[in-house]
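Same chain, two partners: subunit A is paired with subunit B first, then with subunit C.
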Partner chain A sequence: MTQSPPITNAATTTAEPGASLWHDAWLRLRKNRLAIFGGAALIVISLFCLIGPACSPYTYEQQDFSQYAKAPSTQHWFGTDKLGRDQMTRIMHGGRISLGVGICATLVSLTIGVLYGALAGFIGGKTDATLMRIVDILYALPFTVFVILLMVVFGRNIVLLFAAIGAVEWLTMARIVRGQILTLKKQEFIEAAIALGLRKRRIILRHLIPNALGPIIVYTTLTIPAVMLLEAFLSFLGLGVQPPMSSWGTMIKDGAELMEEFPWLLVIPAAFFSLTLFSLNFLGDGLRDALDVRTSKD
Partner chain B sequence: MKPLSLLLILTTLALVSGCGKREMRADAAIREQILLFGSKSEPQDLDPHVVQGVGEHNIISALMEGLVAEDPKTLNPVPGLAERWEISPDGKVYTFHIRANARWSNGDPVTADDFVKSYRRILTPSLGSLYSYMLHPMKNAKAFNEGKITDPAQLGVKSIDARTLELTLECPTSYLLHAMASHYTWWAVHMATVEKHGDPYKPGNKWTRPGSYVGNGPFVLTAWVPNSVISVRRNSNYWDAAAVRLNGVDFLPIESVDSEERSFRAGQLHRTEEVPNGKIDAYRKDNPQLLRIDDYLGNYYYRLNMTNSALKDKRVRLALNQALDRQAIVDTVTRGGQKPAFSFTPPETAGYTSRAQLKFDIEGAKKLLADAGHPDGKGLPPIEIHYNTSENHRAIAEAIQQMWKKNLGVDATLRNEEWKVYLDTQSGGTYMTSRAGWIADYPDPNAFLETFLSYSGNNRTGWNNPEFDRLIQAASCENDVNKRHELFQQAEALLLDELPLIPIYFYTRVYLLHPAVKNWHANYQDHHPFKHVYLEVPAK
Partner chain C sequence: MFRFIAARLMQTVPVLFVVATLTFFMVRLVPGGPFDAERNVPPEIKRELEAYYGLDKPVFHQYLDYLGRLLHGDLGPSYKYANRSVNEMIAATFPVSLQLGGMALGLALIFGVTAGIIASLRPNSALDYTASSISMMGICLPTFVLGPLFILVFALNLRWVNASGWFDAADRILPAATLGIAYAASIARLTRGGMLEILNQDFIRTARAKGASSTRIILRHTLRGGLLPVVSYLGPAAAGILTGSFVIETIFQIPGLGRHFVTSAFNRDFTMVTGIVIFYAVLIVFFNLLVDIVQIWLNPKLKF
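Our next item is the complex of A and B:
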């Protein structure tokens, strides 16, 4: 009971191995089969997307008009699309974009959102009010218009797309973290840390944020799919990925139009997309249980 | 997740519609005699002197009529607002006699003076009509349009009396009546109304709003909700109102080809603008009675911006042309029986077929590009293909993008824009290559070639060739058919040598039509005068 991780850490170099927050979490996570399955599936999908194209005899843009919308076969395992392009190769490339956008944009939003929220919540007072009003103002900007403006000013560019999405997605994260910090900072271990004269920076990074990890992780796993959908939406508006490049979102959108005639154009990318989202959710769920120090005490 | 939920919704919908017998909108509309017309894009405007597009034509043709109208089957000129006309023996003077009962929708009589004022309006330079050159066969029209003459009295149009209009031409023009029947530039506006809503000689006049709009056609404008619906209803003041069978038409702008097809299937439309390329085969097989593939006198092409430094070199433009496998595009991508285009004017247009023809020659194209200093596309910036939002246009652009890449090593990017923005971009010349379609306004090679006149508002490529202008002008005053065609041959050869365009295919009209739509006749312009159309429940 007294083994609250922050306190162990604060006591620094205890010789016992396995006492660290991360090690404990790993032990707990390992027991969660769904989470392990999710993690494994994510790794397999990522490797498939990263290494796959190098092994494929086709490129994502190569059109073979004699192969107009062919069903899956030994030659094209996932079939071909309306322009005779190999769908498996396109899914691999699409996955790079979708996963790339999902992860990068989420990391951007995570970094900004957590630090910002923690700062606002911990310092409180006028600083808090100012910081949160800025968030409110940014919230009020219509998101799509904002991204479109960014695109118009900086030109269409996939890296910028990642950054742009991340830069707007952090707002909710900041609010959630601030709320968590506000409740945490009144708790005894923080009072103790303050009483010990620790610096603010150390309190925020070592004590407050690890204790708020649960909600952060849950929200992160929700952000990734949201960002992937957003990317699909922007690509549809002509602001995201440009043809012949594709992402899963655009492939699903195109496939949905022709689902009666050529169902594999919808089913296969949708299966990949759903599998990824499920895996992320399982993993996120597992991670929250593993990392949340308070639930683990029971 | 999204497709899953979509599937769920669709299943639920299917169940619901199966259980309860809710009448579909298309069926209710058949009873009410309201034609539900998929019109693709939100129109640019409904002012016949300002607009450019085919979609706008469909709507305006319900609201307005010319002195001459079209026969619904052959599109040959038949009496419209004018009950008869005389042509002078030298073919230069046309005298139109307007019907005594021809009225505007507000009850005012249609007078010869309305036409005189309207023609002055569209030719006034400050209005900036991009289509004003259609009236150039009229005496002094070109000079007035270019501001060389400022006195409108010198124009070859005058009213003899309230119901008699006299039109004097520069030279005899064989297609004049066809153009007057089919094209809105030759139709009149109610000037008193236009003046009431702003300066009639400046663009942006607000007279085209519902409630303000005054027309002289079989229908009146009753509602215009942007991106939702444009409704027209029966005009009781129309001279031939008794013959009109429809009670109205609802024009539904649905930009996405796929959504439009889905609406049709869900019983929300009687006629679609297009069919998704990928679905044509399925309709051919399963529902051939709904699919229409009509001949259509038009060319699907890409404009090349002549002011763009990368496209300045003729060899680059020719290489981009020769590297395209047009046969593969029509066979695999468009799939609607289109023909590959190796010239601008479609073959056999009023007996004219271009001698000059482009070809598909990858090796030749590579060599041209190398000669121009870009072996394997090196040093050439990516070619931006600009098109109006549509899945069908995108598929064609993607195919072309890949052909350039594979055959020439030239990269291309895609940019799509909504119809009004797309038109602005084209007129402003801020594009590299832009998708275009040209549908003949009358059956004559001139209808195609005159678009590339340096002063034509539909040129929009920055191409300016005095010799071409001279040939087309000479042809307009040539009475001998063979000599006239010879002039067109020279002009087209020049056009295909300079290449401010990439012809891709000759159109067919591929669309879906509800079997209840009657008196709808396939014709080369896809004009179906609404006055004759009606709806009838198909016999079981």
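Our next item is the complex of A and C:
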């Protein structure tokens, strides 16, 4: 998905403003207050995590034993943890990991899902039936269990973490893309492309996938929170991100152990994590309504 | 119908074979054997141990042995708990997880379907919005956030229930509610959507025109079709509750299979991990079969 999709080009070159699909979608999205709130919150949280550490007087590993597990104060806005580290800085760094794993793993699932679905839909017939049967069968398996197994086997490495998560989260994307391709395939411009003798690879990558972009964007937005959830889940069990790195998941885990005396160590990371999930889900739902993606059957 | 069930049953055979094979070989890729973690094991004793468990044989031989035993339903001995088989451990801990999961799913269905029906009757009312936003909150507050928060509020501050344990009936409430709430929320959303779709159809208008009471319309005419999305969601929900039990059982210190699985994963208890994964796969596959059958029974449009 590195090339610029023709559709966006069309949107910028259309003479009449408001005529393109994307402009319409934007107008619809703008009216959805929750989605806009979600988008804005996401931008704020991302900036906070990206720029924040540079502005903070503390580093995420710097310990101050005179400030052991202090409640939020003017000096440490989010308090300090049991090792006397500034929690706000740690939340920024944790957010980088959580969002980073979310985005990377989603990219993995996006690539697998889009290619798989596009191939199944484009080739059709027996190949399609077999490929989708495999997806159906995989749907029926307890995948989180396999991710746990993978993390045990390959030693809780962060690159493998998002590869493993991405490798199990592509199924819905494959189904959606296949459905889109099936309807697109019957349209004239694809017939024209076939008649022109374009290679299959080119038809799939240049003509089919860019036209299925709307649903792909919607489900990408909805995959990120699912992936972040899985990462935090694994980290909470101690099988995900390992110290000294920490994600919001590991911070929630550490906070839960000390919540009786120091509740802010649980509540603040949990609030950041939930707000991010909330924003992503609302933005995804808003995009889905705005781009008018049919939701009844995936 | 019978042919459909038979075909679906046949389909489970390759699935389970793939699961068994994958888990067996994946676990053997682990650097370090099951007895490496114990310190000061003399080499001869280690060899004895490995001979006892058949680990000295070629991997392929081990694999065939494993499959052979699997066909008899025998998941092998545990590496960590001397003299206990995986079957015994599952038999000892699974009933607890089953009770927890069953209660969670039951709560989710009761509250979710009720909330969904209420929301669908007055779409876009304040009530509908409240139900939707609570359900959205249920989706965004995962079990590992909600669990500790619930303990903090209900056990540590209000002291209504115990923070952990699995002894009396009151101990069941908090874990089951934590596990079920997200699914209640999703079920509410699905019920609302399903109900709205059916309520807009002509046969409902006909029923109204014939003077059927609204209770009758909902219970007799709408619910059957309106619940279809919920039924198809039950498969993924059960799988999610199953994995959710790992976290819940860890947080609330419940002696169930989920916590046991996580411990075994940490201990590199090869046979225990593969055994439990296969057990879970069988469970999920058969639950999905059940869901498919119920779906056909509810939806006369599906024919096989």
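We take it that the second predicted complex is superposed on the first by the 188 of 298 C-alpha atoms of A that agree within 3 Å, B and C clash if a C-alpha of one lies under 4 Å from a C-alpha of the other, contacts with A are read in each partner's own complex, and residues count from 1 in each chain.
Convention: a residue touches a chain if its C-beta (ideal position, glycine included) is under 8 Å from a C-beta of that chain, and two chains touch if they have at least 3 such contacts.
In this text the structure is predicted, and so the values were computed from the model without any measurement.
Peer 1: Give one of first, second, both or neither to describe whether A:Phe282 is in contact with subunit B, with subunit C, with both, or with none.
Peer 2: second
Peer 1: Quick one: is A:Leu198 in contact with subunit B, with subunit C, with both, or with neither? Answer first, second, both or neither.
Peer 2: After superposition on chain A, A:Leu198 lies in contact with neither partner.
Peer 1: Could you look at A:Leu182 and tell me whether it touches subunit B, subunit C, both or neither (first, second, both, neither)?
Peer 2: neither
Peer 1: Counting only touches as set out at the top, which of subunit B and subunit C does A:Glu260 meet: first, second, both, neither?
Peer 2: Both partners, subunit B and subunit C.
Peer 1: Using the superposition on chain A described above, determine whether A:Pro244 touches subunit B (first), subunit C (second), both, or neither.
Peer 2: After superposition on chain A, A:Pro244 lies in contact with subunit B alone.
Peer 1: So, A:Ala270: does it touch subunit B (first), subunit C (second), both, or neither?
Peer 2: In the superposed model, A:Ala270 contacts both subunit B and subunit C.
Peer 1: Just subunit B (first), just subunit C (second), both, or neither: which does A:Leu222 touch?
Peer 2: Neither: A:Leu222 stays clear of subunit B and subunit C.
Peer 1: What's your read, subunit B or subunit C touching more residues of subunit A?
Peer 2: C
Peer 1: Just subunit B (first), just subunit C (second), both, or neither: which does A:Val145 touch?
Peer 2: After superposing on A, A:Val145 lies in contact with subunit C but is clear of subunit B.
Peer 1: Could you tell me if A:Ile252 is touching subunit B, subunit C, both of them or neither one (first, second, both, neither)?
Peer 2: A:Ile252 contacts both subunit B and subunit C.
Peer 1: Overlap the subunit B and subunit C contact sets on subunit A and report the shared residues.
Peer 2: Residues common to the subunit A contacts of subunit C and of subunit B are 225, 229, 238, 252, 255-256, 259-260, 266, 270, 273-274, 277, listed in rising order.
Peer 1: Enumerate the contact residues on subunit A facing subunit C in the complex.
Peer 2: 137, 139-146, 148-155, 225, 229, 232-233, 236-239, 249, 252-253, 255-256, 259-260, 263, 266-267, 270, 273-274, 277-278, 281-282, 296
Peer 1: Give the list of subunit B residues in touch with subunit A in this complex.
Peer 2: Result: residues 1-4, 6, 258, 276-279, 281-282, 328, 331-333, 389, 391, 394-395, 397-399, 401-402, 405-406, 413-417 of subunit B touch subunit A.
Peer 1: Going by the contact rule set out above, which residues of subunit A touch subunit B in the complex?
Peer 2: The touching residues are 61-63, 65, 68-69, 82-84, 225, 229, 238, 242-244, 252, 254-262, 266, 270, 273-274, 277.
Peer 1: Under the stated contact criterion, what part of subunit C meets subunit A in this complex?
Peer 2: Residues of subunit C touching subunit A: 11, 15, 19, 22-23, 26-27, 29-31, 136-137, 139-142, 144-145, 147-149, 151-152, 156, 197, 235-236, 239, 242-243, 246-247, 250-251, 261-262, 265-266, 268, 273, 276-277, 280-281, 284-285, 288.
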